[in-house]
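Beneath this line is the structure, given in structure tokens, with notes to follow.
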Amino acid sequence: MKLITAIIKPFKVDDVKDALKAAGVVGMTVSEVRGFGRQGGHTETYRGAEYTVDFIPKVKLELVVDDAVVDQVLETLTTAAGTGKIGDGKVWVTSVDRLVRIRTREEGPAAI
Amino acid sequence: MKLITAIIKPFKVDDVKDALKAAGVVGMTVSEVRGFGRQGGHTETYRGAEYTVDFIPKVKLELVVDDAVVDQVLETLTTAAGTGKIGDGKVWVTSVDRLVRIRTREEGPAAI
Amino acid sequence: MKLITAIIKPFKVDDVKDALKAAGVVGMTVSEVRGFGRQGGHTETYRGAEYTVDFIPKVKLELVVDDAVVDQVLETLTTAAGTGKIGDGKVWVTSVDRLVRIRTREEGPAAI
Amino acid sequence: MRRALKYIGGGLLGAGLSTLVIGGNAFAEDVDPVTTLSQSTNLLWVVIGAILVIFMQAGFALVETGFTQKKNAAHVMTSNFAIFGLGFVAFLFVGFPLAFGAFDTSAYFGAGGAAMDTEPLLGSGDWAFLYKGWDHLSGAATPALLGFFLYMVAFMDTVATIPTGSMAERWKWNSFVVWGLFAGALYYPLFAAWTWGGGWLASMGRSLDLGNGYVDFAGSGVVHAVGGVAALAGAIVLGPRIGKYGADGKPRAIPGHNLPMALTGCFILLFGWFGFNAASTFAASDIQFATVATNTAIAGAFGAVTAMFYITKRTGKPDPSMQVNGMLAGLVAVTAPCAFISPWAAAVIGLVAAIIVIEAVFFIEKKGIDDPVGAIAVHGIGGTFGVLALGLFANGQYGAGWNLTVEADGETPRAITGLFYGETGQFIAQLIGAVVIWTVILGVAFAFFTIQNKLTKGGIRVTEQMEIEGVDAHEMGVPAYQD
Amino acid sequence: MRRALKYIGGGLLGAGLSTLVIGGNAFAEDVDPVTTLSQSTNLLWVVIGAILVIFMQAGFALVETGFTQKKNAAHVMTSNFAIFGLGFVAFLFVGFPLAFGAFDTSAYFGAGGAAMDTEPLLGSGDWAFLYKGWDHLSGAATPALLGFFLYMVAFMDTVATIPTGSMAERWKWNSFVVWGLFAGALYYPLFAAWTWGGGWLASMGRSLDLGNGYVDFAGSGVVHAVGGVAALAGAIVLGPRIGKYGADGKPRAIPGHNLPMALTGCFILLFGWFGFNAASTFAASDIQFATVATNTAIAGAFGAVTAMFYITKRTGKPDPSMQVNGMLAGLVAVTAPCAFISPWAAAVIGLVAAIIVIEAVFFIEKKGIDDPVGAIAVHGIGGTFGVLALGLFANGQYGAGWNLTVEADGETPRAITGLFYGETGQFIAQLIGAVVIWTVILGVAFAFFTIQNKLTKGGIRVTEQMEIEGVDAHEMGVPAYQD
Amino acid sequence: MRRALKYIGGGLLGAGLSTLVIGGNAFAEDVDPVTTLSQSTNLLWVVIGAILVIFMQAGFALVETGFTQKKNAAHVMTSNFAIFGLGFVAFLFVGFPLAFGAFDTSAYFGAGGAAMDTEPLLGSGDWAFLYKGWDHLSGAATPALLGFFLYMVAFMDTVATIPTGSMAERWKWNSFVVWGLFAGALYYPLFAAWTWGGGWLASMGRSLDLGNGYVDFAGSGVVHAVGGVAALAGAIVLGPRIGKYGADGKPRAIPGHNLPMALTGCFILLFGWFGFNAASTFAASDIQFATVATNTAIAGAFGAVTAMFYITKRTGKPDPSMQVNGMLAGLVAVTAPCAFISPWAAAVIGLVAAIIVIEAVFFIEKKGIDDPVGAIAVHGIGGTFGVLALGLFANGQYGAGWNLTVEADGETPRAITGLFYGETGQFIAQLIGAVVIWTVILGVAFAFFTIQNKLTKGGIRVTEQMEIEGVDAHEMGVPAYQD
């Protein structure tokens, strides 16, 4: 099994979720993150003094999926999350040794 | 070393923490996440219009542990986190190549 | 490629970010987390009743980097994040199988 | 002389001895201590009322901000804050003279309350349209004139701030600024001049023999409906927020980011509303202020309770935001009739208003008009219902001679009496007022926003990116909340 | 006639010339302008007072919501909002007549203040239990009657909202709604009728020769203690929140989710409290209102400061929530005696009240009763202390003849004098009042919640799952806060 | 007798008949009903004013907390809460007598307003420095004396709370507590005694023939500038927050954590300000209160609007925090002159004040002084401008005879007239007052904080760790917000 981690633009969350659902993904975990990258931040003025906002709000998706579907999921995800504009984000894949469903103690792909 | 990542129900955090502590776990990192899965969401009405809450509040635990204790930790964790009801969550294990304790620069299991 | 995950003290974020930037890191993702470890928590009294704060606010950094620069990044990061006081945090490294830049579909190191 | 008596029937004929003394005094040579004291207390009551109404700005700000999204909270809050000053400045220099230049308060406050200029700027006699006068800026300004101005400027600001709700989360700051100035200088003064200022609508009792002419005790129409139609025009010109309507065209809910904030705002509005309505007697010596205050509370309470039960029945849960709209519906609707009705009628009006307004929220949303806070329904529909309700429930016990109307005999002052008490004239006068608001005034608002939209580079709506990322980041330069 | 004089000793004999004029007028044939003006100013003061008390609802809402958890914020806030209307409606139709049907305010407001019906509904003479009368709903309602109603309905709502604090975070919405109606229709009116309404407790001065009978200037007992015992009964019937007590049975802290919100609420309560206490003179012509206002502020200030030092000594830190409870303790305790005591006594009362209330919070918690906001301690214990404090500190300078009491000679009006000034009768009267609250009234509340709990399917407490996940998600259908 | 007339020129000679009656009465033998009624209404107005000013504490609390960081929100909020009681207690026992022991209000409130002790504690005649008297604590305290105390204690608390803004986020709780007591007992009373209390600065009209002596209607100087210089002294002694200045020495922005909260606070301040200024007539019979209220609103509105346009021009965006500072700048600046100027002048003062204050914010920050909320600029600079503005814009129409000044003929009361109306004396008197504030009073504040810093173990500033992790966790023991 693989863990697919994606950093995307917040307003894309619903589209991506729907697309993945449609593609057969049954579960995922999301969290609010802030990102720093090429998109860069911006400088603002508050009470006359400047401050730089280096980190931009992003959303992180984590999905554990069966090896077989990794490519398809990546394809669906990048398509749904893309705007073509800088700052669209990244997706990375890491290997999962074990997966357990707490409720049933099921292990491996069955637990997805 | 392994990284154990668990998605559990928020109100179970204290129980799980205490259980893990008792089981000899000396450190972990938690964060607020929202989950989508079998448990499904629910539809609400606000000012007459409907909206679906797809993501349910969950808590994510991350623990880096020595290979030797993985099974025991998984056992403790699943027991403490389980309610038997749908939505209890998942636990997955990935391999950690290196671990460093910032304060002392200690590496490997010693850094846990 | 490797995924470097670091748990650091919140007020160190800017220093670490600047140091990593200087060291050539072009992107990273940060999130608010709460940590439990040696640093331990503290007990407070509210309306006469006690409550223990076990989890301390920390910040989590995630960077996907090229294998070649892992050591240097670790060095920079630990130096910038360190205060020498307990609770400075951990850094761990895991292997990344694939990395994709959503905007361009670039894969591998090129996507960093 | 006639003007001196305009809009004071209540004070003059309905409020017992001491006011008669006042009435008398306005024209008397020597002023006795009791009268002077009575007049200073009247002025005090009006100033206290003004303070309460000004505080309502905080209520509107909190309700609107609580009902909108976190990413726009600074923008919504600050627009509600800035509108106070913007409308104020424009009203001070332009709006006040146009609307109230010929308004005479000497019957309440003594000689100092004389009108600035009894000659209309536009029109004449029973067909006056605009007035003039600038004494209030100079050293010649009497405390009476300034106290009256303060009360009136507060009402204007309510009108000006209503559209900030229906147009929230997608309105360009600079375009909003222009609206603020326009509202204070021209938009509000127009209908105000025709009614409270003594203009043609107020005169229909004499000119067209329609009851006491258009009567609106504290502004269900003059303030709320007028603000509500502007909210409607603005929301139409801007169009709905991105994501408000699904691909299927069905409205999607966009829950407010802070309900406790919105409910706090509603409490503040209820609090301020007592100044809005009860101090509209312009006289502490006219004890009808107590009846007004209580009728106001009754309508608000019945509005809130009705909304709670009705929305629970309608959608299954006691939606807090609808309870807020329900209380406001009752308050808005009772604002015109509050001085002329019996307590039981206030209860009925609050109850009916809540249901009408909730249904209006649904209807407006279905029609594709996106109003994040329900301002169009609450102020536009609720206010219009209030204007008509006066024509239905007025019990003929207060306000005889209002707008200088007398019966055929030319002696007996004419009582303000509604349809349910056997008079049709008053109801027709109210109906005409309502129609004017929904045609002429709505037209003015719509024209303003449409033209401004045309003239403004890129229109009066923010870009898609700004809207998606939140207007705070782009227009305020600082987020509402920092962790 | 006797009733006409009830509860106005202060106004009648303690407030100098102009009030004598009033007193006189209530029975005089011809009314002179000065009297009329004085009466209208009195009515204005009462209406302003009512407005301030109504605004206190916002204060209670913010304090209670700030002291509770984020997942329940919409529920707590909305219940404090809905209670205003629920209690109001029930009080309008049922509660007001039962409690104040025979209350005569003509001595303050003139002829219009005549009682609705001088015959009790239950009991007679010095042993009246309930009253009747419905003029206040009809067109026959005078401004004086309606102004008085508005002031009284605001006090009722305070009682009704107190249990929403102690029962917060686990109370079913529908069960809460029933309480709201019950509180306004019956619960509050009961003790109110026996005291302020002119009933048997107020008459103990005549019937049992106990000082001036039960005296409670603005309601430490009639409002706060009565609300506090209901809060106690409700908290017992509901039981503690899940997780409030550890496995070891020791209480665990559940910190409030928004302290700035709670402190803001306390500021609003302080603000409104001046209307609560000072306007209870029912007359601007009775300048004792100034003494009352200042004593109120003194007690609040001493309560807050004492609490700050005491809690720091007790637990090491200046716990903000206890500073809030401390100020409220002082305000609640001084509410009964505020008009009858010297400033130094107000300071002592505030100081003692803060310590008593903080210890009460600890004690109640130890007893296994979970009160998230400290309502039982602040209102129940603090209020009871206030009732007794009057019997201790009353200095005999104000309120002579209160409750129509005269000395043996049948001529000299009896002064309200406390134990520390040598009189025992008054203290006993206060003691009896306190005992009645903690037996009869507490019993009524306990019976109500117990029976309701039995009759309600699943009881009046939400399910474990709802409580764990937060009542907002389940009962409101919308969270308090959205990101 | 002379004192009886002190500070009432306005009431006595400027406000028409009824006040003359009052003026008369203060010395008359028999008191007629009209006078008594007028006096009770005057007292009512002052008490209502006090209530409004006390509520301003909530406004300060919200503005300061909203402008500071989340990790310190409980600390900032609670200090603004605790200061009310701390200053109050100290002022009750020590400060009030020192400042107002010889203040006579009988011209407004009748015989009960007699001074506690006409003999100064320090100095004599036209050169009095401190006063004495403790009647206000005993049973001998009249309602008039207590009502006056309540109004005065509220002004003191404003001064005491101003430094909590500039010193926020790094001030030790215990050190803050000491300041609170010092401010109420000595710091505020000092300059207050010299001016409002009737001391040497108020007497300069007689002693040095400088206009009417130092005149400050509601406290641009006595309250705001005095509080502002303390805020400056405290901020200097504490030093800037960690991270406020970059390695390059350039100031860095530390955005407030909750702007809606700050704007809500500003609305509350605007609301309370009407009590602050308008009730300073001490008389409802002195209808100048209406002019005062309106001038106050005009200055606030112009301040806010000017700030909005000016900051947009200056930094590109309509920074909400600067709009808040702008409105407050206008309000602070008009507080001294509000009763003596024409409406157009109020507009000019508001406009100028906003620009001065914004530039002052930048200047102070550049000088390395860290003031998280802009308190030094708003109150210190804005207040000083207000003191001088009176000397420029006073139009000579109100306050004749103020501070018992008469023209050379010894008959004609001297009018309060500014430089722009041809008089230099008044401006010089104002200038002297301003200089005294920026030398003597600033010196006192600076000495206090410096000495306290020396005497306090570890100084009055929290440790670096506490500041980095947030003072809430360390000093309050509970965070402001819980998830």
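We just call them A, B, C, D, E and F in the order they show up, numbering each chain from 1.
Criterion: contacts are C-beta pairs under 8 Å (C-beta built on N, C-alpha and C of every residue); 3 or more make two chains touch, one makes a residue touch a chain.
Note that the structure is a prediction, hence the values are computed from the model and not measured.
Enquirer: Hopping along touching chains only, can you work out the least number of steps from subunit B to subunit C?
Expert: Tracing touching chains, the least step count from subunit B to subunit C comes to 1.
Enquirer: Considering only chains that satisfy the touch condition with subunit A, which of them also satisfy it with subunit D?
Expert: Where subunit A and subunit D share a partner, that partner set is B, F.
Enquirer: Common contacts of subunit C and subunit D?
Expert: Chains that touch both subunit C and subunit D, as defined above, are A, B, E, F.
Enquirer: Is the C-beta contact count larger for B-D or for D-E?
Expert: Most contacts of the two pairs: D-E.
Enquirer: If more than half of the interface residue numbers appear on both sides, call it same; otherwise different. Which is it for subunit A and subunit B?
Expert: different
Enquirer: Where the centres are mean C-alpha positions, what is the separation of subunit A from subunit F, in Å?
Expert: Centres of subunit A and subunit F (C-alpha means) sit 55 Å apart.
Enquirer: So, what's the distance in Å between the C-alpha centres of subunit C and subunit A?
Expert: Roughly 18 Å separates the two chain centres.
Enquirer: Express in whole angstrom the distance between the two chain centres, defined as the mean CA positions of subunit C and subunit F.
Expert: 49
Enquirer: Would you mind listing the residues of subunit A that make contact with two or more other chains?
Expert: Residues 31-32, 44-46, 94-95.
Enquirer: Where does subunit F touch two or more other chains at once, residue-wise?
Expert: In subunit F, residues 34, 37, 41, 48, 255, 258, 315-317, 319, 321, 477-478, 483 touch at least two other chains, as defined above.
Enquirer: Chain pairs in touch?
Expert: Applying the touch rule to all chain pairs gives A-B, A-C, A-D, A-F, B-C, B-D, B-E, C-E, C-F, D-E, D-F, E-F.
Enquirer: Once bound in the complex, which stretches of subunit F touch subunit C?
Expert: Contacts found on subunit F: 468-469, 477-478.
Enquirer: Once bound in the complex, which stretches of subunit E touch subunit F?
Expert: Listed in rising order, the residues of subunit E that touch subunit F are 16-18, 21, 34, 37-38, 41, 45, 48, 52, 69-70, 255-260, 263-264, 266-268, 270-271, 274-275, 278, 284-291, 293-295, 297-298, 300-305, 308, 315-321, 323-324, 327, 342-344, 347, 395, 397.
Enquirer: In their complex, what parts of subunit C are in touch with subunit B?
Expert: 2, 6-8, 31-38, 54-55, 58, 60, 74, 77-78, 81-95
Enquirer: Spell out the part of subunit F that touches subunit E in their complex, as residue ranges.
Expert: On the subunit F side, the touching residues are 31, 33-34, 36-37, 39-41, 43-44, 46-48, 50-51, 54-55, 57-58, 61-62, 65, 73-74, 77-78, 81-82, 84-86, 88-89, 92, 109, 112, 136-139, 141, 143-144, 146-147, 149-150, 153, 173, 177, 258, 261, 475-483.
Enquirer: Please give the residue numbers of subunit C that touch subunit A in the complex, ascending.
Expert: Checking each residue of subunit C against subunit A gives 1, 3, 17, 26-31, 64, 94-103, 105, 111.
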